[in-house]
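One structure is given below, represented as structure tokens, and several questions about it will come after.
Just so it is clear, A, B and C label the chains in written order, and each chain counts residues from 1 on its own.
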Amino acid sequence: MSAVLTAIVALFLIGPVLLSALAGVTANWFLGASAGLTLAWVVKVWDLYAHTIGLSLWLALCCLVCTLLLGVPAAYALARTPSRLARLLEELLTLPVAVPGIATALGLILVWGAVGDFRIHWTFLLIGHVLFTLPFMLRAVLAALRGAELEVLEEAARACGANFRQRFLGVVLPNIRGGILAGALMVTALSIGEFNMTLLLSTPHTMTLPVGLADSYASMRLEVGSAFTLVFLVLLVPPLVAMQALSERLGR
Amino acid sequence: MARRSESAGPFLLRAALLAPALVLLLAFFLLPLAKLAMLGFEGQGYWAAITAPRSLRALRDTVLLSAAVSFSAVALAAVVGHFLARRRFPGRRLLVAMLTLPMAFPGVVVGFLVILLAGRQGLVGSVTEALFGERLVFAYSFAGLFAGYLYFSLPRCIATIMAAAEALDPALEEAARSLGARRWRVVRDVILPGLAPALVASGAICFATAMGALGTAFTLATDTSVLPMLIYTEFTLATNLGVAASLSVLLGATTWVVLALARGASGSLAANA
Amino acid sequence: MSLTALLQNCARSFPDGTRALHPTTLEFAAGSVTALLGPSGCGKTTTLRLLAGLAMPDAGGRVLFDGTDVTGLPVEQRGIGMVFQNYALFPNRDVAGNIGYGLEVRGVPKAERTARVAEMLRLTRLEGLGHRRVDQLSGGQRQRVALARALAPAPRLLLLDEPFGALDARLREALRAELAALLATLRITTIFVTHDQAEAMALGDQVVVMQSGRVLQQGSPRAVYQQPANRFVGQFVGTLNHLGGDRFCRPEALRPDPAGTLGGVVLVSFFEGGHTRLHLRPEVPGAEGEWVLNLGGTVPAAGSRMTLALDSAAVLHLPA
């Protein structure tokens, strides 16, 4: 019985993805796959929405750099401070995940929307993405820092005479690289797909891939939407697969 | 304790490492939220906004939908997660990968998948038309929203519960059986208590995500209006910032209360387990 | 009160075809205490799981309890008691809840259950701990709860998987004596798995020595020690000194004797309290390895030569 239910759930989760991929390369979905296969829709998507793809990839890259620079040192400081204050700060830093994205976006617009041209600059989106993804980086790195016998290793490095910089670069970072990589992949995938916050934050000048997707679903043929979805999945799936492969390797 | 903090270097250094993240949080999260709350509470607007029939209906529907989805997703994921954790069969790893892959699909895409499945030109429609001569279309109703929300909730629940089931000692199940417990007794007395913290935790995350989800409803443009969608229309179409702010506070507060309750429950469950 | 268990021609294969257990027939007499002894991977745990009904034998194998075929019965219907490695106590139930579980599942009324749990608590010297959470118990207490839980439904066959595996050496010995006394009063057919030969010898009135999925020898501890079936058994249950060819002896068969015919050079000695353990390099043609013997009193210094006499009745002829 469990096996049957698992199969049904799998079909429910995987079926629509295959359906969408098929629709994206079908000449006329209404007539069915018999109408022939074509890449015309993908080309059309490229013409219409290439800029959204470019912006999303650029945002994801910048977001990754920011979360690495902000998240890794913060996680290290939190992991090494066994106080109530540190616990509280950790709670606080992971709060943006629990607050609905649209509320955060509204607040950002209220406070910062009228400051110069910030509202129509891509960095406005970046702020939102970093807020939302930082908790995931933080958690992944914290988990790695708290696992492993890192504190003992660090003490061993101190006993060998290593200063803080040498310890952090030579002992800490190499031993938590699995956690950092897992966090990085998660951040990339989440940034590429972020919509709840981005819908309000984006402007006609700053349209990301998911917002473009929503636009195509609302105003284009079904085949165009499918083709765009296909392009999106081709971008999103590699980091996700890498993440799974990594977590399996770390799990063993 | 003293030994621990010594190995971490001086306090100032740690503060310096934390400061940039905290500044970001303060300027771009806490300050905006405070401003939002102030605007939301200003004057009589707050009470009027959240007691408007439209708002109450949206709140009710959103909570109902999120609760139904969380419950279903956790129940399904419990069976699937336990099955995947215990059985070894060829293709298992691929199956696990495919089941958890949709975890990072954004809501808009999920909405579109529901349209492909149950929309006007959807698969369910074609199949039912061929079988019964009538197209079944439910993408744009409450059922369509439910299907979409279930779609993006399942992968995360399965991943969490599968991890918990893998950590559950199989010897406990064998011990119960050796004492005479049949299948359902084992489920009731060993598996469910063992998984309980994970079930509550994943249910809570599921609920919070569903409450705040915007993309799926946006794509489906259903008759049922969920709260985030209402906030969006208030803000963009009616440019009614005060109402949007009030509703955001309502949404955030409801979500937070449920998360806090669940955390308390899962804490006491974990203490008992 | 107890039953005779019989494994008839039972084998167990992994999916890839390798054998965890080669076809094996073993009888466990009613009321006996049997140790399944062997190194890890020898098939002893597989044998125990076949008896429990947690694993099924390959086609052709049968499990019989008092002559009744129970091969098709799953564990929950076999009416056995089992103590698991690391005990597998239910963390969501307190001590009494764990011990009473088997009775609860059988639908025993509450009053009767409470009385039986109290009796088991007394029997295993856990009085007053009934409402303790299982994670607040010491290792020895956990082991006793696991034993009480297995015994509460009055099973006719008791199976124990490495019952002392999770305990430290000193506690092991104390609990071993306790378990031996308990088993002697209960007279339940008992089969336990261990990799520790001292434990097997002390607790079992029968020992089954296994290696690579095969039974090498079944017999009393004395028989297995004094007439091992082959070199592996001889080495696993004690120390063997090689005399050349297929001839071996136990350390106690050698004694210092100026008129003796054997000689050796002392390599090293270990003072072990009651006696001193000597390692010698034999000066006998054909003898391989080192000899070990235990001496009381004064011990010759390393490098000195010793003359030894051999009790010829104690010479063992062992095939490889």
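In this section, a residue touches a chain if its C-beta (ideal position, glycine included) is under 8 Å from a C-beta of that chain, and two chains touch if they have at least 3 such contacts.
What you are looking at is a predicted structure, and each value in this text was computed from that prediction instead of being measured.
Among the chains present, the centre nearest to the common Cα mean is that of B.
On a Cα centroid basis, the chain most remote from subunit C in this structure is A. Averaging Cα coordinates per chain places subunit A and subunit C 55 Å apart. If each chain is reduced to the centroid of its CA atoms, subunit B and subunit C end up 52 Å from each other. If each chain is reduced to the centroid of its CA atoms, subunit A and subunit B end up 17 Å from each other. Looking at the complex, you find that subunit A touches subunit B at residues 2-3, 5-6, 9-10, 12-17, 19-20, 23, 29-30, 69-71, 73-74, 76-78, 80-82, 89, 92-93, 95-96, 98-104, 106-108, 110-112, 127, 130-131, 134, 138, 151, 154-155, 158, 164, 186, 189-190, 193-196, 199-200, 210, 213-214, 217-218, 222, 225-226, 229, 232, 236-237, 240-241, 244, 248. Every residue of subunit B that touches subunit C in the complex is listed here, in rising order: 169, 171-172, 174-182, 185, 189-190, 193-194, 272-273. Across the interface of their complex, subunit B is touched by residues 52, 54, 74-77, 79-82, 84-86, 88-92, 101-102, 105-106, 149-150, 153 of subunit C.
Looking at the complex, you find that subunit B touches subunit A at residues 1, 4-5, 7-9, 13-15, 17-18, 20-22, 24-25, 28-33, 35-36, 39, 76, 79-80, 82-84, 87, 93, 95, 97-109, 111-117, 121, 123, 150-151, 154-155, 158, 208, 211-215, 218-219, 221, 228, 231-232, 235-236, 241, 244-245, 248-249, 251-252, 255-256, 259.
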